[in-house]
Amino acid sequence: METQAPRPFPMNAWYAAAWDYEVKRELLPRTICNKKIVFWRKSDGSVSALEDACWHRLLPLSLGTLKGDEVVCGYHGLVFDGHGRCTRMPSQETLNPSACVRSYPTVEKHRFVWVWPGDPALADPALVPDLHWNNDPEWAGDGKLIHAKCDYRLVIDNLMDLTHETFVHGSSIGNDAVAEAPFVSTHGDRMATISRWMIDIDAPPFWRGQLGKPDNVDRWQIIRFEAPATVAIDVGVAVTGTGAPEGDRSQGVNGYVLNTVTPETDTTCLYFWAFVRNYRIHDQTLTTQTREGVSSIFREDEYVLERQQQAMNEHPGRVFYNLNIDAGSMWARRLIDKMVAEETKPAATLRAAE
Amino acid sequence: METQAPRPFPMNAWYAAAWDYEVKRELLPRTICNKKIVFWRKSDGSVSALEDACWHRLLPLSLGTLKGDEVVCGYHGLVFDGHGRCTRMPSQETLNPSACVRSYPTVEKHRFVWVWPGDPALADPALVPDLHWNNDPEWAGDGKLIHAKCDYRLVIDNLMDLTHETFVHGSSIGNDAVAEAPFVSTHGDRMATISRWMIDIDAPPFWRGQLGKPDNVDRWQIIRFEAPATVAIDVGVAVTGTGAPEGDRSQGVNGYVLNTVTPETDTTCLYFWAFVRNYRIHDQTLTTQTREGVSSIFREDEYVLERQQQAMNEHPGRVFYNLNIDAGSMWARRLIDKMVAEETKPAATLRAAE
Amino acid sequence: METQAPRPFPMNAWYAAAWDYEVKRELLPRTICNKKIVFWRKSDGSVSALEDACWHRLLPLSLGTLKGDEVVCGYHGLVFDGHGRCTRMPSQETLNPSACVRSYPTVEKHRFVWVWPGDPALADPALVPDLHWNNDPEWAGDGKLIHAKCDYRLVIDNLMDLTHETFVHGSSIGNDAVAEAPFVSTHGDRMATISRWMIDIDAPPFWRGQLGKPDNVDRWQIIRFEAPATVAIDVGVAVTGTGAPEGDRSQGVNGYVLNTVTPETDTTCLYFWAFVRNYRIHDQTLTTQTREGVSSIFREDEYVLERQQQAMNEHPGRVFYNLNIDAGSMWARRLIDKMVAEETKPAATLRAAE
């Protein structure tokens, strides 16, 4: 499948392909950046990822079977190892030396299996986005995977501007304070941050319940984007006047909304998210409650984003106007565009542009 | 959404967008001539119509909420008044002066809300097609809206030649007389008329029931097309020999089939119709019976027209042969084509061609 | 509907349009080689085949009615005879002399109705593919029609290489012997044959049941392709050492898998098949059992072939690698390509290329 220029996502990046528990001793097909890939866990626990199309007749390998650590095509029985090399063909002893399918680098970190769809030579595990809260023993929580029918960048836009909470999530986490509060924007080479503090406000229903106190609160939302597709949001409330803006959060509750959004195709994405907290970390009921609560909230976003994608499909080439609130998404998109431009400039490695 | 040249419909015309009762104090999305439009009724009873896409991020405004007489976008809360001017933005005091969406002229007449998708400067309410029977106290009846998956002109063709009744509606209103009777065709600048009288025939089942007499009848069908998309058909039967052809319909029953067909896209339409009569006008049971009876008949047309559209899609560029019976639809299409040619000729107003 | 060059199938060929019993005294629509055709049986038992689109307004004639041996259009009542000539028009005595639709030659043979979509002048009944076993009194059996969403050539590929039985049909007719056994390939102008003998093997479950003996067997698969789309496969097992390879099949059981695959569109086909045998030919229970058994096996193929087609759609222009096992399908495709090239070369008759 060809993508239109300019490509909406860089290829030389780690993208979450699955939650760790999803990759088992069986064949899992996923599409990442328009590439169909079959994943499986080998007997040593590592994860193999191959192009999901047999070299011979294109049948998806994921329709075949796993035999030991190798995949057997479900049509004519060609066998491929985890590196994509064909190790057996029917009715012939000599294997065609060209018989191989593309393999992709993978790494497992922070409860996700990550895949690198671009040039394998550049796949440095140190570049995996920082979502360490997701398996840090000081934090607890859980998340889900949303298969959203929109460009992954619309999810990023949505996360970089939380004023939409007031209008999309008015019944749970939104109130007028979010849309009215000022924010500070900073950015670096791969990062962009939007910080918003709402001082001495009435807590919205969700946070009121987490805090368990009737006082007015200082509420914070510190949104940290890491290019190309990860957003970790430091959120919470503390009793107003107890010093949270200055760094003392002891009279409050703190969570992280962890998000990483993987382009599936140009107009669909795999949106992995988790909500973790550093209080009542052994309370599994609270973990389940908040996971399901956040899941309901994110369904509201999903509906809006899919309708926005449909509207964009009907208005091709439309340029968007930006408001003050769009500062965060503007920076995020600039950093994404820079990554794409770097890997598609004439001198860039050809393998990345495959 | 772009339409292919030449456009199959004029933009500078009033098109029925909804039955009057459909437009309430809530947001109603409709597509008219490939334009997505959101309608709502204001507190003064008048109807607003705006482009159904927020200026900011394109989310359909119809997914938002009505607040007083203004619409609030369901994503970031931008507010637009009935003229399409943005009156509120989140997190900023100064409004971007370009922040507006297109508004469309509307008028309410003959039980329909009409919209003018072309140049607003030309939207003269006097040009609303004549369907006065639909709210004339001397006439009674009711109708429906059919969402038909075909070019609106196929509905016009269908209405301009009623010989199809014999083959499509043989069990209700069709009989061999319709296909065999001669007809007279006349036309003007915006009108085309087909008149057919069937003298001394056996009445078809529907009309036999309306007349309530066993006699042979003179049956008339006087089809009056008003460009671009309205067809009012004067229909009825009278006891034969009592002077109906000469103008004395006192021994008969008379109805009007009122039709106005609004292009939704190039290949779908909103087909508004009503059947009204000038006898037993306080008999609501009869009103309901005839509405449901005509509705069943029109479903037979809808099926044929949608299959015809599918066949046309499979034979792009196919030119149609015309029979004698196609005189009416030929005139209707000439008048439509003339309207389109006038508004798309080089000197025509640019706003109309937007 | 236009097909892309080069066309994947010849037009000048007999293709099975229906099982004989499917064509009755009613209108049967089928699409053959991208052409919509309506079939019906006339009172003399012969089969008419016309383009399924009225000359007047394109409505499919199959939506109309059969009146005697003629078809009446369901919209305006135009009548066409079995040669496609219009014999009646509504409201006019003089028929437009151009009023006709295309007719197609048909012939009924070997329990199928065959149609010739190309140049009628070339439609020689002697060219109907040989499937005589299907109504030979020495053979018994039955079959079905599969509407498969794949290029008809993928079915041919599948039938020309039966090593896939090992991987797709492991539970019924496949075992390792098929993938391991050597084969012999021969070919002629319109024919290609693949012969495979598996000597002294354990019979697979299906054949074990048919043979009714515990002995090891010699198993044969003699695949005979007749261009462009027919494959008759001589299959069976005999007790090993009793002379089957040399021609004495008296200690065995013999069947034929009869297949003819009709292109519907470029990427869908009508796959007609039967399984017939020359033993226990009066055992209707066995006929039903084997028909249903083979039907289950072919559903496994259908699933694989449709997924292969989807994968090919996603990889346009991909050239396939061939293995030794692909010798049969390579020859089949060469013979098909030759037929297409012959009828599309500049000097070829224009009518064939319509």
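Which chain is which? They are A, B and C, in the order written, and residues in each are numbered from 1.
The rule is simple: a contact is a pair of C-beta atoms (placed from the backbone, for glycine too) under 8 Å apart; a residue touches a chain by one contact, two chains touch by 3 or more.
The structure displayed is predicted, hence computed values, not measured ones.
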Exercise for the section: Would you kindly state whether over half or under half of the residue numbers at the chain A/chain C interface are used by both copies, giving same or different? Expected result: different
Fill in the blank from the handout: Copy-to-copy rotation (chain B on chain C, CA atoms, range 0 to 180, rounded to a multiple of 5 degrees) logged as 120
Practice task
Would you kindly tell me how far, in whole Å, the mean C-alpha position of chain C lies from that of chain A?
Solution key: 49
Practice task
Send over the residues of chain A in touch with two or more other chains.
Solution key: none
Problem - chain C to chain A touching residues, read off their complex - result: 157, 161, 163-164, 166-168, 179-182, 304, 307-308, 311-312, 314-315, 318, 320-321, 323-325
Practice task
Give every residue of chain C touching chain B within the complex, in rising order.
Solution key: 1, 36, 53, 55-60, 63-64, 72-77, 89-92, 96, 98-99
